[in-house]
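Take a look at the structures listed below.
Both of the next two complexes hold chain A, though its partner changes from chain B to chain C.
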Partner chain A sequence: MFETSVSWNDMLFLLQGAGTTLLITLYAVLGGTLLGVALGLARATAPWWLNAPLGAVLDVPRSVPLLIQLVLVNSFKSILGLPWSAFTVACVVLAIYTSTYCAEIVRGGILAVPATTRRAARSLGLTYRQDLIEIVFPLALRVALPSWIGLTLGVMKDTALVLWIGVVELLRSSQIIVTRVQEPLFVLSIAGAIYFAMSFPIGRLGARLERRWREND
Partner chain B sequence: MLDYTFHWRPALNALPAMLDGALVTLQVALLSMVIGTAGGVLLALGRQSGSRVLRGGCTAWVEVARNTPALFQIYMAYFGLGSIGIQLDSYPALLLGIAFNNAGYLAETFRGGLRAIPPTQARAARSLGMSAPKAFRLVVLPQLFRAVFYPLTNQMVWAILMTSLGVVVGLNTDLTGVTQELNVKTFRTFEFFAIAAVLYYLLSKAVTLSARLLAWRLFRY
Partner chain C sequence: MIELVDVRKSFGPLEVIRGVSMTVRRGEVVSIIGGSGSGKSTLLMCINGLEAIQAGRITVDGTEVHARGTDLNRLRRRIGIVFQQWNAFPHLTVLENVMLAPRKVLGQSRAEAEAVAVAKLRHVGLGDKLQVYPSRLSGGQQQRMAIARALAMSPDYMLFDEVTSALDPQLVGEVLDTLRLLSAEGMTMIVVTHEIAFAREVSHRVAFLQSGQIHEIGPPEQVIGNPQRPETAAFLKAVL
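Right, the complex of A and B next:
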């Protein structure tokens, strides 16, 4: 029969790593979304001379490998002498990375609301703010939410890279166990299964939302 | 406040070595895209096949590739396969990992592309006397190519960015690998990695730009 020296304690250790993965994802997505909504609003409304440079700047984190960004911010933090832990660095980098994608999603959602609808809202006497909150926001949410779920899952998978700057998350904890029990295939499969279990159901939910909301268009 | 002096000269002196690394990066990305595209087409076709086993296998591939981190897939190729007797060096392991990932993502792209082509066209081609492969090659494929061209270039940029993960499994010839080697020799982490970041940015912009030019040349009526 199949025998393994992976113990229940190792499993708990892996789950602990998965917890760290989720925690980093949570912080990154939370910060990234708040920043991304602000940036996306700016991208959708700012005049072109502000919009073009903003777009170019937001393009940088998307065109440079995340690994390099992590190393850069990690060393820059040491240069500045900030007392940040690797965990904080990971959250900050991932939040900025998330915000650049989120900005595009928000911008796409806002621009997907027909100009005529917004003009109608204004003609009915709604203020600009009311139009934004009562009309644009609910309509844009339908367009943006499926992509946002996809982004969240993408960030969750990208958290694996933070092991390079020394954060013990799911993949790193599987490596730690492998160095002891020497069964890389089995331990990695468990880690992969945990990733899959965290990502697949939510991905399905996103796809279903997308399909259901498209039916009503 | 800032008791650190930037030393850019050693980093700039290392630029030729880093440019060589960038070539390796580009090579891995291109190869992984070629393999990934072929795999993606086969997976997309496999998911439409009548055989249940084939369909299940292809779906499993796509879902695993899309729902686990790319780094995990590279680890699997490097450590996982190593433990069942398939010892891969870091270069082929990286290539295999990224190609696996690309194939999974591109399969979805191709599936969407195939769906965008009305099945009546293939039927019309068949009734004009073309064989099934010929109809696929002459009628479906050119339109499919047009539909997936932009997602394909996106995936190419992704592939370039993903090659940086090779350093985690010990690759020292690609851009990140070379940079890391220089870094452990000099401890000028920020300077070296800043230059690497600029090179990566230029690489991905070059890909996007040439794709745009190519699309302009290819897709005008």
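Right, the complex of A and C next:
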């Protein structure tokens, strides 16, 4: 018969870690998306002399491994004496990292809106702003959503890396339990199942929105 | 009144409008005919300020379109334009497509805008398609929706840019019928078209444009029936 020394208390501990994972994901995706939309809009509309350097700057967080960014920012935080917790560092680094990807997704979505459609909107007397809000954003959203869902799921899994700066999220919680009960396969399976249970609804929600839009357009 | 005085327009080194002057009075239907690349569509875009001009002057009811300080968004409320590609807003229903500008630009209430939109859509024969998304419409229906969308702003002028060129042949008739209807109602229109027979039928005057210049302008019986210039005659011979 199957026996395990993993207790209900351990399960609660895992779920607590999962809560932290969700919270970091939420802050990172929220902050990253807000910043990413602004950056993406700038990327899609700014003149080249602003666009080129911006693109180069945004390439940095995308090109350096996330783990290095976490460790570096965490160290610089201490050197600079910022009163940030490891949790805050994790959220900030992940939000910036997310925003750079989100910016490219938003930029692609905006550029996918045909110039002729925008011209039609302007010819009706809509201002540049109204055109953006009423026409460009809704249409860009339809293009960008699948990639954005993918990004969100990716960020949720990337949160596992923050255990290196001492945040006790889902993976770290499972490691702590493994150290004690010595059943790595079982505990990691549970952790994996929890990651899946958190990702699955987000993916489904995205698929549903996409289907609804496709029926119309 | 729309007045063009020696208008010049270039794309980089390429001059596409080379000194065009013409006047369109209230209630008049003026067709512009000419080959591809003659500058017909560009000329229309200049009239409502979608394109800048390099020299000359365009005035609409005394407002100089390209003057500094001209509120183009305000000007465009009075000038409707319908394009070759109908450019439906795909995320909005037919009714919402037509209601959008009156609500956002003119600040009409939902009820007001809806009443106008329904009336305009019925007018172009789309009264039974109000809640449908544009993707469910044929090209001719989408083009008529685009016309209703422009009309909902109650413009004083309507510009038509080859509105039948992208349509299947069997759908051309329904769109031309809509234009006939507007012309019969006294709408002031500038119609860029390849439909020579249609231009002859509805226009008060026809302008023949080639290489960015008006070679001939006058009543259709003259320009199409009995062209005075060899360029016009050659063009008509090629397309008729």
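Just so we're on the same page, the second predicted complex is superposed on the first by the 202 of 217 C-alpha atoms of A that agree within 3 Å, B and C clash if a C-alpha of one lies under 4 Å from a C-alpha of the other, contacts with A are read in each partner's own complex, and residues count from 1 in each chain.
To be clear about the criterion, a contact is a pair of C-beta atoms (placed from the backbone, for glycine too) under 8 Å apart; a residue touches a chain by one contact, two chains touch by 3 or more.
In this text, all values refer to a predicted model and were calculated from it rather than measured experimentally.
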item	value
Partner chain(s) touched by A:A120 [first = chain B, second = chain C, both, neither]	second
Chain B versus chain C as contact partner of A:P184, first or second or both or neither	first
Most chain A residues touched (candidates chain B, chain C)	B
Touched partner set for A:R43, first chain B, second chain C, both or neither	neither
Contacts of A:K157 with chain B and chain C, given as first, second, both or neither	first
Partner chain in contact with A:S199 - chain B first, chain C second, else both or neither	first
Partner chain(s) touched by A:R172 [first = chain B, second = chain C, both, neither]	neither
Chain B versus chain C as contact partner of A:R107, first or second or both or neither	neither
Touched partner set for A:L72, first chain B, second chain C, both or neither	first
Chain B and chain C footprints on chain A, overlapping residues	none
Parts of chain A lying in touch with chain C, wherever the complex brings them together	114, 116-117, 119-127, 130, 134-135, 138-139, 142, 213, 216-217
Residues of chain B that touch chain A when the two form their complex	1-4, 63-64, 66-72, 75-76, 79-84, 157, 161-162, 164-165, 167-168, 176, 189-190, 193-194, 196-197, 200-201, 204-205
Chain A-touching residues of chain C, taken from the complex the two chains share	48, 50, 73-74, 76-77, 80-81, 83, 85, 87, 89-91, 100-101, 104-105, 133, 135, 146, 149-150, 153
Contact footprint of chain B on chain A as seen in their complex	60, 63-69, 71-72, 75-76, 79-81, 153, 157-161, 163-164, 171, 175, 178, 182-185, 188-189, 191-192, 195-196, 199-200, 203
